[in-house]
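Got a structure here, written out as structure tokens. Questions coming.
Labels run A, B, C and D following the written order; every chain starts at residue 1.
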Amino acid sequence: MWQPQNPNYQVRCQDSFSRQPLMAFIGAILAKVEPGVCEIHLPYRKELTQQHGYLHGGSMAMLLDATAGYTAFTLIPEDATMLTVESKLNMLRPGIGSTFIGAGQIIKAGKTLTIVQADLYAVSDTGKKNHCATSIQTLMTMVGMSDEHQVNNNQLETKI
Amino acid sequence: MWQPQNPNYQVRCQDSFSRQPLMAFIGAILAKVEPGVCEIHLPYRKELTQQHGYLHGGSMAMLLDATAGYTAFTLIPEDATMLTVESKLNMLRPGIGSTFIGAGQIIKAGKTLTIVQADLYAVSDTGKKNHCATSIQTLMTMVGMSDEHQVNNNQLETKI
Amino acid sequence: MWQPQNPNYQVRCQDSFSRQPLMAFIGAILAKVEPGVCEIHLPYRKELTQQHGYLHGGSMAMLLDATAGYTAFTLIPEDATMLTVESKLNMLRPGIGSTFIGAGQIIKAGKTLTIVQADLYAVSDTGKKNHCATSIQTLMTMVGMSDEHQVNNNQLETKI
Amino acid sequence: MWQPQNPNYQVRCQDSFSRQPLMAFIGAILAKVEPGVCEIHLPYRKELTQQHGYLHGGSMAMLLDATAGYTAFTLIPEDATMLTVESKLNMLRPGIGSTFIGAGQIIKAGKTLTIVQADLYAVSDTGKKNHCATSIQTLMTMVGMSDEHQVNNNQLETKI
């Protein structure tokens, strides 16, 4: 349904993802990249939990932030990067599972702003899937701004 | 202005915080706990950044989730714990600094629901403070539910 | 999929809707009420527009607030009413059309809190449907509180 | 603190407000316009209430939408108009009063996006002020797009 502007979008998403130190730190994997769609998988680790042993709300928010980002990233031009403008997250159920999946899909892709829905599912050892959180996020396409190199902060401020 | 229901609230907050593996994992410190107010400090680490070297949006969300949680936690009764219901986060500026501060304050503390504002500031080596993100979060007081022990998920579902 | 707790839920929704003066004032019609689902229709009126002749963002918010409310209302017990806790609205396209439809569906119905997605569509004279806004809302079931009679505000404060 | 780009911003705000049919329909008054600050007053009318006689949540959302819009409008260039991108609203207390005040202030004014906080207060006959709702909204400055004349929808779509 969505048409990528960069035919090489999958390689570019994986490459950008691999340059985010946070994703390696938490053990996240970019598992699926299609036009307007993305999935990030996060295996359970005790380090990501809260006091009751559930996935921490902050870990949920982190996973969904990256999920929405790479969902939007699938559709941007080659000479652009993405910035998150805002996000809204509703927790639905405690994060109990052996793997957590962030699943994103584009609601609207505009010239400047892209709206993404990103949902979090907890998958148990037996494959049972639980819908744990849902989020809506707004991202901004930064044309003429490199994803690969250091961005000049002043240049960035004049665009946002 | 706010009156804690548990005179021992500071010890209880620090104790609960120390039982969140995620907080130790990212290197966060519960720096201030007062009635209806809380500050969590997060020293810069490359592991928490995105591709441009800024604090990752997911790290911002994580820090603000914990900040709002412990802000609300300062006011709850002794036999209760808190759950985050939802959060809304606006990114204002890139996270560039040597320390990041999550600062929370209660907007409304109700019997069941508490509304918290949590802001993120980046502090540079020279002490310059930049307002990087603002969030509003809703939390639910779970009376009769332990913060210290494993929570029964079915019991939890019957309350939320 | 959803099971109403009150077999008489449709009559009760229509009755409650008819007691909201705002709905009559703007000319809204409760067009569909099913378990966990609701549709409110709002015919175009110049009084509801902004300076460019589009449906005002405030009118969108108003329609979606009522839509989410009656979506949640379909599932509550007979001796209860609903309160909106919070809502998040993303505008997707200008509101241009002859009728506007608020369409709600429940994402999660909990004992205390219900999460609803409510979308706004603009329908043109030729039947073309445009997705203009999407919202996520949290509502609270107020058990033991009448929908029909005046609510005591102090009683209400002790529950929220 | 904020510097308007258009010295004539107050007249321009009042003029734009007067061209919004919804504001006249609900009886709203643009009571204060300063750089980055705005107040809209809404006298109580039964037509704006819900079934318990309180100000309808939809009326709250409507008042805050307009409040955030004109708060952002105070700072835009002469050849521009504003669009609301998204809003998040937390209801804090029932809307009981003889006048309702929407009070907006800018959190960040960027080149493209402006973040506004808008709060709703209910004022009783005796002058008692109650904080009933708080919202955060994101607005987009549409440069080269008239506030006064009909906007071409296709032109608009290529910018958002």
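Here are some notes:
Everything below uses one rule, namely that a contact is a pair of C-beta atoms (placed from the backbone, for glycine too) under 8 Å apart; a residue touches a chain by one contact, two chains touch by 3 or more.
Treat the numbers as computed from the prediction; the structure is a model and nothing was measured.
Although chain C and chain D carry the same sequence, what matters here is overlap: shared residue numbers make up over half of all numbers found at their interface.
Between the CA-based centres of chain A and chain C the separation comes to 30 Å, rounded to the whole angstrom. Centroids of chain C and chain D (each the mean of its C-alpha atoms) stand 22 Å apart.
Taken residue by residue, chain A touches two or more other chains at 85-86, 88, 90, 93, 138, 157, whereas all remaining positions touch fewer. Contacts between chains leave no pair untouched here, as each chain touches all the others.
Those residues of chain C lying in contact with chain B across their complex are 85-86, 88, 110-113, 138, 140, 157-160. Looking at the complex, you find that chain C touches chain A at residues 88, 90, 92-93, 107-108, 115, 131, 134, 136, 138.
Residues 16, 19-22, 24-25, 46-53, 56-59, 61-66, 69, 81, 83-91, 93-94, 96, 147-148, 150-151, 153, 156-157 of chain A are the ones that touch chain B when the two sit in their complex.
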